[in-house]
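In what comes next, subunit A is part of two complexes: it sits with subunit B in the first one and with subunit C in the second one.
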Partner chain A sequence: MTQNDFRNSEARLGLYLILPAVVLVILVVILPIISGIQISFTSQRVVGSEFETVGLKNYLDLFGDKNFIASLGRSAVWVIANGLFQTVISLLIALLINQPFRGQNFVRTWILLPWAVPAAVTAILWRWMFDATSGIINTSMMGMGMLEKPLLFLANPEIAGISLTFVNSWRYVPFLTIIFLASLASVPEEEYEAAKVDGAGMWLQFKSITFPNLLPTLTVLGLVGTLWASNVFDIIWMMTRGGPGVSTTTVPVLMYDTAFYGYNISKASAGAIIFLLLLIIFAIVFIFLNRKQFILANETFKDLSK
Partner chain B sequence: MASVSLKNLNKYFGNTLVVNNVSVDIADGEFLVFVGPSGCGKTTTLRMVAGLESISDGEIQIGDRTVNHLPPGARDVAMVFQNYALYSHMTVGKNLGFALKARRFDDDDIKKRVLRVAKMLDLEDMLDRKPRQLSGGQRQRVALGRAIVRNPQVFLMDEPLSNLDALLRLQTRKELIELTGELKSTVVYVTHDQVEAMTMGHRLAVMNEGEVVQLDTPENIYKYPSSRFVAEFIGSPPMNFLNMEINEKNGNKFLKNDSLELPAPDSIKNLGENAVIMGFRPNEIELVSQGGVSGTVTVVESLGAEKLVYLKLGENTISILVPSEEKIKSGENLQFSLRPEALHLFNYSNQSRITSNRND
Partner chain C sequence: MNSSYSAISILRLLVIVLIMFILLAPFLWILIASFRPNMELVRNQTLIPQNITLENYVSLFAKSAYWKWVINSFIVSIYTVILSLPLIVAGAYSVYRTQFRGRNVLSFFLLSVYIFPTALLVVPIFKIFDGLSLIDSHLGCALMNTAFAVPFGIWLLQAFLRSLPPELEEAAAVDGISKTRTLFQIIIPQAAPGIIAIAMFAFIVSWTEYLFAMTLLLSNDLHTLPIGLTGIVFGQYRVNWGFAAAGAVGSALPVFILFLIVGRWFIRGISAGAIK
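Now for the complex of A and B:
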């Protein structure tokens, strides 16, 4: 067998191996998007009903729809709040449990638990704990005299968003922590030793060694995290249904509501497509602006997989 | 610069004693080399001086300060690491200036000092490069510059030349000797390479299994190794060793094994043992045409100026160095003589030196 034959047969094997994944992606991602695009140009109200093609009408309607515009704003706030909170907290936890201590391996493994809990369980669990009359948070805070009357974590429009951000972060922080830990493990220990001998304190070590080494990871997580946070639907829907009022109605929640409670699947599809386009534009701009970090991140992950 | 004093240093990793009662006084401006095989505790000792390892027992003084409980940054030592440990995300300039920045020097001062060191080490054109854009030799110079720029009390160097290729290593070795001589630096240097140790050190501390087994000048260690271990470790090609019986004939003592017999030197006349380890260096023999020790040539290695010849003497194989002009073929019989002064005798049971060839 010549080298070329070998390479061809290797390439063919590779093709066979990715085929199932490609088919799966086509069936559950590409086709629904195409179907969504088709529906968005029609007047269809519910799946299976009669409809006619209406061109860009749904899109034009949405641009004049105050609810939709407001939900875009809420989505933006949601993404930024979740992004900042989760990044800072998970980085702090990662730095903390990266210090050697007894039971480190145990903590590193089990910290992932909240991430493995199904969203529905998380939602029910926290609704319970947030409950005004019997929830553990209100009863214990009142018991300790920190509160006079119960806080309406989910029913007060001013704090519902914060409560949801907290619960959503509770889910994702463990995962981000693990990613940061992996990234911290790739920072050469010797650089810290050199810095210690050079007289650098904790903060200077973080600023000049840890942070630059984490930057590629942070950048990649910035992108992935934004996309994940943008698409969060389950937690919000199961805890507040977008309420009270519309205070926690982000774009995915509004589109679900429009499609299945407002019986307007074509309008919801158009909204979803607009949201998708915005995210794609964001991703392209983000990657372009941070292209250097993405190349470095690629190298880091290659190093890690060695 | 300052003196360094290690007093009864011990280091345990768990229950394993890796540094055993090490005591060395290093004078101000001295170049002291810890040398020994891997795992002998030399690097751990150096790291204790740096403050990167805690001290299980004993005391370290730099100048007249006891530094046992000072963090590395407060000990005013600079370290050159084996893999250089350059800050990978900083330029060469930033690498050189980092320690000064950590000590809050002002920017102009940092710039001035960095430039001076960069000039000294021929790094001026590379100040804006990142470490990964440098060759091995350049990285090594940056690591060295990072230490020099601080003008520390003591330089600690952990096998700084071991990652360079052979030619560059020779050149850097020479430069390092010149540089530390000019700066009158106190240097504590760690290496497993005995040639490096011999050429660079004012004094060597030969270590084995956590202990300093001999502390002396390179010349004295070479001439009067304190034990069989030191004799074998220092000097290249390594010393030959033969186990000899001590026999007595007509009131005169002889050293004897299956292939040779020599009159015993005075130093063992009163030794109460009946066997001894005899050592001699491959270059301390003389070829003779007759009357010498005779052996059969097994392998001849040409080293250029010399030939390393392996000889079979009865049960043993030894090596000798001969001028390359000598025409020697394997299978041939060869005779050489051993001068009594060239013999090193070691106690058979504890392997320590018994002869004293010194005049004192």
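Now for the complex of A and C:
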């Protein structure tokens, strides 16, 4: 076998191996998006009903819809609060539990429990903890005299968003922490030893060794984490249904409600496409601004796959 | 060990204990609540239970469709694992060990699924699945879960593959053993911990899933645990917290047992991957 034949057969094998995953993604993600774009140009109300083509009407309606514009704003706040908070907290926790201590194995395994249970359990757990009359947080704080009246964690429009951000972070921080931990394990031990010989303190070690080594992971998680946060539906839906009023109605919640409770799938699809375009713009800008990190991740990748 | 060093490590330990308390105490609290009568939960709640009862579990196990929901959840999760594993192993090997034009583009394309908000996908998915008789089908639900477990699974597993010592593979290449045989006889056995980890990842993705199950499974007979349980718990004007607590425990328990058995492997499988 010549070198060239070998390369060709390898290329074929590589392509065949990844193709099933690509086909699945095209079938259940890309085709639906195309179908969604089609629906968004029609007047269809429910799946299977009659409709006509209306062009950009749904889009123009949405731009004039105060509810939709407000939900875009709430989604932006939600994404910034969740994405930023979760990334920073996870990184800090990962740094904290990276060095050996008694019980490290226990912590590394069981820290994941909040991520591993169904969102339905999370919703029950925290609706119960937050409950005004019987929730442990209110009863114990009032018992200790810290509160006069119970705090309405989910029924007060001013704090419902904060409560949901807390619950959502409680759920995702453990998983992000474990990913950061895996990344920390890849930092070469020699670099720290060399730094210690040079007398570098903890902060200097973090700044000159840990952080640069973490940057590619931080960048990927920054992107994926932001997209995941923008996507959150289940926790909000089960805990507040977007309420009280519309105070926690992010775009996914509003569009789901419009499609399945407002019986207007074409308007919901148009809103979905607008939201998607905004996310794509965000992703492109993010990747462009951090292109150095992505190239870096790619280069290590190439070295290793030779 | 000097004293300032140990003061810092005690402080560190305290912070770790506090974090773990915030993350795990709710589970303990709901476990205790599940053994208390509902009346005791509604008012004048004391920290220590006054009465212990099994009534909540009797309503869950004997009076609700709990066992049916559990079986349905298992069916969807097992389907998801069976569908995901070959796709992830093949995809990870392709990304990590072969070279072909477009490889980077394809692996990037796969990760881009996370840009599509699932709540916005369900409308067209519903329409397409309606035409394929995949509505009201556990398989349809598992297909969606698989599509969202595979890309991240590939990323996790290829990182694990990179952490394996390359000697055996190099020896195989020198001996002229084909890449396909190398995959089955050398890579897969060596990558067993990583494969267990991604199987667990796929299982959990499916076990915790809410939106697709809620939208795609219409008949009560097919409902998964999260859908059935929240339907009863949040479907009433006054939540029966005793029942809700028992239901939460009953839904978390299978994951808890899974963690007891293979939890360490999961962490090993991810951490050994030394993701960069």
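As a working rule, the second predicted complex is superposed on the first by the 275 of 306 C-alpha atoms of A that agree within 3 Å, B and C clash if a C-alpha of one lies under 4 Å from a C-alpha of the other, contacts with A are read in each partner's own complex, and residues count from 1 in each chain.
Here, contacts are C-beta pairs under 8 Å (C-beta built on N, C-alpha and C of every residue); 3 or more make two chains touch, one makes a residue touch a chain.
In this text, all values refer to a predicted model and were calculated from it rather than measured experimentally.
With subunit A as the common reference for superposition, the partners subunit B and subunit C occupy compatible, non-clashing space.
Residue contacts after overlaying the shared chain place A:188 against subunit B, while subunit C stays out of touching range. Vertex at subunit A: the C-alpha centres of subunit B and subunit C lie 80° apart in angle, rounded to steps of 10. When the shared chain is aligned, no partner comes close enough to touch A:244: not subunit B, not subunit C.
In the superposition on chain A, A:14 contacts subunit C only, with no contact to subunit B. Residue contacts after overlaying the shared chain place A:212 against subunit B, while subunit C stays out of touching range. One of subunit B and subunit C touches more residues of subunit A, and that partner is C.
Contacts of A:105 after superposition: subunit C is touched, whereas subunit B is not reached. Of the two partner chains placed by the overlay, only subunit B lies in contact with A:199; subunit C stays clear of it. In the superposition on chain A, A:262 makes contact with neither subunit B nor subunit C. Put simply, the nearest alpha carbons of subunit B and subunit C end up 7 Å apart when the two models share chain A. Contacts of subunit A with subunit B, set against its contacts with subunit C after fitting on chain A, overlap at residues 213. Contact residues of subunit A toward subunit B in the complex are 188, 190-191, 193-201, 204, 208-209, 212-213. Note for the complex: subunit B touches subunit A at residues 50-52, 71-74, 77-79, 81, 83, 85-90, 98-99, 101-103, 146, 150, 156. Across the interface of their complex, subunit A is touched by residues 9, 12-13, 15-16, 19-20, 22-24, 26-27, 29-30, 33, 41-43, 45, 47, 86-88, 90-91, 93-104, 106-107, 109-128, 130, 143-144, 146-147, 150-152, 154, 159, 162, 179-180, 204, 207-211, 215, 225-227, 229-230, 233-234, 239, 241, 244-245, 247-248, 251-252, 255-256, 258-259, 263-264, 266-267, 270-276 of subunit C.
Of all the residues in subunit A, the ones that touch subunit C in their complex are 7, 9-15, 17-18, 20-22, 24-25, 27-29, 31-33, 35-36, 39, 47-48, 93, 96-97, 101, 105, 107-121, 123-129, 131, 133-134, 136, 139-140, 170, 174, 178-179, 181-183, 185-186, 213, 216-217, 224, 227-228, 230-231, 233-234, 237-238, 251-253, 255-256, 259-260, 265, 268-269, 271-272, 275-276, 279-280, 283, 297-298, 300, 304-305.
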